[in-house]
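So the structure is just underneath, and the comments pick up after that.
In this document, chain identifiers A, B, C, D and E correspond to the written order of the chains, with residue numbering beginning at 1 in each.
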Amino acid sequence: MTEPLLKVEGLKKYFPIKKGLLAREAGHVKAVDDVSFEVYEGETLGIVGESGCGKSTTGRMLMRLLDPTEGKVTFNGRVLTEASKEEMRKARREIQMVFQDPYASLNPRHTIGKILEEPLIVHGIGDAKERKKKVYELLEIVGLSSYHAKRYPHQFSGGQRQRIGIARALMTNPKLIIADEPVSALDVSIQSQVLNLMQDLQKDLKLTYIFIAHDLGVVRHISDRVGVMYLGKMVELASSEGLYDKPLHPYTKALLSAVPVPDPNFTREQIIIKGDIPSPSNPPSGCTFHTRCPFKMDVCTQVVPKLEEVESGHSVACHLYNGEMQQ
Amino acid sequence: MSELAPKANVAVKKEREAGPWREAWRSFKKSKVALVGAGIVIFFILLAIFAPWIAPQGINEQNMSIRLQAPSAEHWLGTDDFGRDILSRIIHGARISLWVGFFSVIGSVIVGSTLGIIAGYYGRWVDAIISRIFDIMLAFPSILLAIAVVSVLGPSLQNALIAIAIINIPNFGRLIRSKVLSIKEEEYITSAKAIGMKDFRILFSHILPNSMAPVIVQGTLAIATAIIEAAALGFLGLGAQAPTPEWGKMLADARQYLINAPWTMIFPGLAIMLTVLGFNLMGDGLRDALDPKMKS
Amino acid sequence: MLHYIGRRLLQLIPVLLGMTFVVFMIIRAIPGDPAQVILGQQATKEAIESLRAKLGLDNPWYVQYFDYLKGLFTGDLGESLRTKVPVQDEIWQYLSATLELSLFAIIIAVIIGVNAGIISAWFQNSWFDYTAMILALVGVSMPIFWLGLMLQWVFGIQLDILPTTGREEVRDPVQAVTGLYVIDIFMTGRLDQLGTVLKHLVLPGIALATIPMAIIARMTRSSMLEVMRSDYVRTARAKGQKMFWVVYKHALKNAIIPVLTVIGLQMGLLLGGAILTETIFGWPGIGRYIYEAINFRDYPVIQSGILVVAFIFVMINLLIDLLYSLIDPRIKYD
Amino acid sequence: MSERKAILQVKDLQTSFFTDDGVIPAVDHIDFSIHEGEVLGIVGESGCGKSVTSLSIMGLVQSPPGKITSGEILYGNRDLLKLNEKEMRSVRGNEVAMIFQEPMTSLNPLFTIGNQLMEAILLHKKDWSKAQARNRAVEMMTLVGLPRASELMKEYPHQLSGGMRQRVMIAMSLVCDPKVLIADEPTTALDVTIQAQILQLMKDLNERLNTAVLLITHDLGVVAETCERVIVMYAGQIVEQGPVDIIFKDPQHPYTKGLLQSVPDMRYKKQRLYSIPGNVPRPGSIKQGCRFAARCEFAFDKCLTENPDLYQTSPVHQTRCFLYENEEVHVDDRATVES
Amino acid sequence: SSGDDDNANGDNGGDSSKPKILVFGRGGDSVSLDPATVTDGESFKVTKNVFETLVNFGDQDTEIHPGLAKEWEASDDGLTYTFTLNEGIKFHDGTDFNADAVVFNFDRWANGSGEDFYYYSSMFGGYKGDEGHVIDSVTADGDYKVVFKLKRPQAPFLKNIAMSPFAIASPAAVEEKGEAFGDNPVGTGPFKFVEWKRNDSITIEKNEDYWQDGLPKLDKVIFRSIPDNSARLNALTTGEIDLADGVNPADGATVESNDELQLFERPSMNVGYLGLTSTRPPFDNKLVRQAINHAIDKQAIVDAFFEGRAEVAKNPMPPVIGGYNDDIPGYDYDPAKAKELLAEAGFPDGFEMDLWAMPVPRPYMPDGQKVAEAMQKNLADVGIKANIVSYEWATYLEKARNGEADAFLLGWTGDNGDADNFIYVLLDKDNIGSNNYSYYSNDELHDILIEAQSTVDEDARNDLYMQAQEIIFDDAPWVPIAHSTPLLAGRADITGFLPHPTGSDKLETVDFE
């Protein structure tokens, strides 16, 4: 087995909640609570989950845009969680990010040319001429033209802006791209353009993606492996076929069954789970899903299930399965 | 420029038109009120620049034999108690008011922004200290602060200017601070960090330029306030000294003639009001053009 | 809630302490000597020296400052160097005069300003909107002292319908109880004085109200415009609610919060910033009290006067913050 | 299948925005009708005029800059566009009710849930007492599946989750038994599991109360699962209209086809998604020809110069495309459609 | 009478038993109502009517008349004064006025220290035990006789005794009230203290038991502070006040043309001048000082900014003061001459100087800023560039006193109408660092002034002052500008109001027609 490009072990992020006269810490939002996974070179790992489950927080911690409360991130043999600020800054040349809101992530007062050139300047790559050339080159690659370099973000449509966001992420020839809901803000017809672009780029440039999304269709389409998060925890992690064809975790099942399918003749067994996602500042004890789980057992309210591989390449954190193995 | 092919030239121009400042100018142009404001301001700026050529008389051409004459063909706005032409003095006075307005605001912007950026960017105790200083300054009744400052420094136009600049520091400081705080959270700043940018560059190439719009708006409006404040100090005898034709001082000097020679009082007051109105109108227009979400 | 108030009050201490220090240093930097002022132009050098010693002005500044602070902590605001009257004994009298005027002005400003703002926003781009907003701009562009003089000239002298100075008809003075005359005349049963007391409030009140009125109107308008575009206003209309109630119930309550901030700030400004109005209209208020104290270098009066004004300013803003939580259930201070 | 009466008919509706950048015909001459008890879907990408259509029906288009520049909206035999403000108010919320996209912002944050629900009731039931209104409100909240209904009455919107708020909105829209319920993207802001709950609820209510529902969405999946008939909009116009099962199985308009193909399907993995080239145009930006022509792979010369009509390609199916110009069938009464 | 009828907010209508109330508007509030402890004119304005002195000034001059003392006698050597008091006078608190009360008051003052009783120490050379203390003893001789023994003759002794600070207070009240006496003054005067609203108004009412029959005429007087001159006149116009102190000269004509108002002129006992600090070059040069005297067009200034209601000054004291030297020609307005003198002094091209302008109006200088502006023009005409400088009043005085000004506007109002109170106080070298702001020092002058202080003989004394004025004229330490006639305005129906040159007006004879 090859070494993973990125290895995440026991990642946690607790945001303090401050309260009272002297702003004491009165508790924590457990945004990400003990998440581990690996990403291999050239693959796409999809992460899905409903809003607030900690997807973005995880993504940001990988790049140290947020400092993890606990845990270890190893990239290409380097332990990022222990890197100095300057080392981390340099490492960012190899890991880049694409954001959800393509408009908000582009400085409205800079031209596209400037926005694209900046990563090169920051990392001291090339001289002015080379940089310019690279900018034009990438604009072409993402399906824009060199004359776009002089324009400002607000003069582009949403899809074009997301292409610019992608182009920027590619400027420094990174190995890994973390895409945090890169198509959620886009219309369907544009979404497919961007998804295709990302796939093409991956093939051409041998990129590795971590693709965060809440749309299960999109995730399935683009990912090789998929992790499902619920309330700060990874509840299931499997190859995308494995997950979609044979979901194990009750939450994954419910999630899959809740997604409307654009086929009026398609009927399926719907598992409509009741209630809302509990607050991460006060998560339920034991298995955090037990409050909504149709298969709840006594043990679920007490023991936190571990993410364990129950089939080859298919891990799940659920007492239904873990119990099986123990017996 | 001449080396560029004509076609490229056109293209460049067209592209440039689309920049955010151009956009702002375009939407500014659409507001009639704002244009009227800008017109008034430009009018007074021109008056100020060309005062010596426009004004029929100098600042201090006393002629006791024609004291306190009502407006006439010869003296459009009448004469004051030294027999000086009020129109001329108002025209010359435009220099003073604009000067005080501009430079006091520039002073407060420089000091206020620096403090605000430091507070907003470094946070923690630096922020706490600077913010408390702003609180103290804000809780201080501003006119009293100005009076105190002028009392310390002695009354003169320059010191009035300094006093006004000091009063406005916390306003700009807070504005910039809150702007920095909110821009810090913008996604394009996160993305700048994500490409590995250094803090310094983020601060000056991303945060600062994006905080400028509200500063420009606030600045324009602050010029208006500064002119009134300067006039108030002049009125209290704490501003420009005789025979400088500062409008507030002209008003103060004219007070005793309110009944006998109201024109000595009415016209300088109108001049202040018009100038201030011009800046306010313009500031409003700028706000809509540059930063529609910002509130007064 | 109580915790929150407690914290705010705690935070107040450094600000107010810093304030006393700044004031203390500034006024001592002002050239001019209280002893000189007290004794007047005729005084001899020796007389001045001996008075300085008597007033404790020859102590090092930090001794004076700590003496002052010590006094403050025992509730002693010091006594006037000039009149020897303890500041806490007389400050309320000035403060109440200013409070009455400021309250009157702010009430006018709020009633007219808020409604003008609402109507302007409701009928955006109508002639009313344009007129009101141009007037509001003219309002903030007018030097207050000029406006005051013009009001005196027109209503006092030319038309002779309103008094131009003071708070009361001095020949028939109001018996001060609370210091707020409008209330006092009820307490002393002298309702016949209501007319004159109100008449005295009119001109300075208008002069003082103009700027806040204009600012409030503009703020209300922009805040209302934003709220009127919101989804819940659309929801209210979709229910079939009358426009009037949509505006005055659903929209106004939401729009008023930023306006409240402005009202608080303006009220604070009025308190300290009424010096010009108080001077022009002969109003015996705190602004003039402090201003004259500056002229007379009456250090304890300046220090404590400014401290009290700042304190009220801060308290008003605290009050406004608490008001928010009454209006907006999302704001919980604890 | 039964024959149903059209309860709301939109005829030749045009709504334009008069902005600094010119007149934007956000809704450009659209015709459709909603039948008693049916669930009609409108799908389309962002900016195609879905919300403006629904707001036009409610008479709530923001004015200025918006204005209904032509057309009729017949409710029964009354033209809603001719009603005065007072008459219109008695229709709103009472006979035609609406819920909006954003459950987070559609409730007034400063009033209790109870206050807002009872307001909706008392506005139209003038003779009701407060107690009656309260009972009704509690009843409706229970109906939409909200737990602790009577306690919730005293709570404020921020104390509720998004799904609960959307239920409150639905309860509020139903308090006066409206004949038509317009739901403008009621689940877009919600998570899938919550969306499933809400859609299920709406289907139940539609069946139980027989309220006609106009469901606006951009999610083809939602349409497929919830609606009987669907209208596809593009750049202010209806480009295709018909029963859901027909359109999803056999779409006619190239845009509808493209749209259906570009959605990644969760059930299986496509190697590559179809993608419609180009961008969604802003309404009014295309002055001539078919609005989709620039992105259409079947476009021919005529498409660039003439705007196609909405051709009746079957008794229940209409398409705005020259490809179907010659397949037009004639139906006498378009208001009565068999499905 | 219908005195109050045209008052804008008149109360009960016109019945004749209606109280006569006079509202007197003035520029500032009193500091304290214990006259012995204060120095400001606004305090004396009130105390003058609550308290009385042993001897009085004349109605509109500073001649000495009987007061609480009906007659007095001075010994030939000028060292003993014996006062015989009026009998049957009572203080407002009902206690008797008698010789013991007088002795009590003088003892109280003489036992002061520091700045307790500023005027006492400055007029009588200090307190008991001090080297310069003039009064040796004050004793009662029976109930109605008081004997003053002096250590050395003091020429203006009686004038001093007549000054407001030396009014007799009720011993009982002083002892009872202690520190608070200043808030609760008890004297023998025509009016009793009623109420003090600080910074706003002081009310005094008729003393029904006043010892002079038929006086006072008014039932009540309310002193109101309205700091701004124009505002005060407005208040008079609208009837809010009846009498306004400190009317701008510019408004004199307005008042005169208003039928409902009358104008009062306060007899002049002041001097407004431009001081030339004679220690600062080039003002250490007599020629320069003379040149400036010639350069300034005093008449034009008086015409414009005193509206003619002042006399152009040529001496440091006004003509009403005994010893005034009218033979002095004064410096006429002569720019050519001025230039000549400047050239002679070595400044053919003039020089640059600071010209300090007073920030506040004073009776002797209603508008220092404008006077300075006019002077600036005059000086420019002879080649001197003057920059107008102004400070806040307290700062202005302090800095000027420190000799920091080149030339400064200032003035003086006499306390007791004695020449010594002008020339010695303002120009003697003893008073450098105090009231001699121009740092002028002349030994010859000093000797003359010291001699005059103890010369009891009126004529001899006047001769000395005449000489003094000649010396001063030649040295030209000042540019004397004007002796102004401060203006007051009142309702047309006011009678019996006689403004006093010292600025403290007695109101017992004031009445409404």
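For the reader, a short list of remarks on this structure follows.
Here, a residue touches a chain if its C-beta (ideal position, glycine included) is under 8 Å from a C-beta of that chain, and two chains touch if they have at least 3 such contacts.
Since the model is a prediction, treat every value here as computed from it, not as a measurement.
Of all chain pairs in this entry, the one linked by the most C-beta contacts is C-E. The greatest centre-to-centre gap from chain D, using C-alpha centroids, is found for E. Per-chain CA centroids place chain A at a distance of 33 Å from chain D.
Note on chain placement: the centre of chain C and the centre of chain E lie 38 Å apart, centres being C-alpha means. Taking each chain's centre as the average of its CA atoms, chain C and chain D sit 53 Å apart. Chain A and chain C have Cα centroids lying 55 Å from one another. The set of chain C residues touching two or more other chains comprises 30-32, 152, 157, 294. Residues of chain D in contact with at least two other chains: none. Within chain B, residues 151, 154, 255, 258-259 each touch two or more of the remaining chains. Listing the residues of chain D that touch chain A in their complex gives 45-46, 161-164, 191-197, 199-200, 218-226, 244-245, 248-249, 258-260, 262-267, 269-270, 272-277, 279-280.
Within the complex formed with chain B, the chain E residues making contact are 228-230, 248, 250-251, 253-254, 300, 303-305, 357, 359, 367, 369-370, 372-374, 376-377, 387-392, 395. The part of chain C that touches chain B in the complex is made up of residues 14-15, 18-19, 22-23, 26-27, 29-32, 134, 137-138, 140-146, 149-150, 152-153, 157, 215, 218-219, 222-223, 258, 262, 268-269, 271-273, 275-276, 287, 290-291, 294, 306, 309-310, 313-314. Note for the complex: chain B touches chain C at residues 33, 132-133, 135-136, 139-144, 147-149, 151-152, 154, 224, 228, 231-232, 235-236, 248, 251, 255, 258-259, 262, 265-266, 269, 272-274, 276-277, 280-281, 284, 295-296. Contact residues on chain D toward chain C in their complex (touch as defined above): 55, 58, 60, 62, 64, 85, 89-94, 97-98, 100-102, 105-111, 119-120, 123-124, 156, 158, 169, 172-173.
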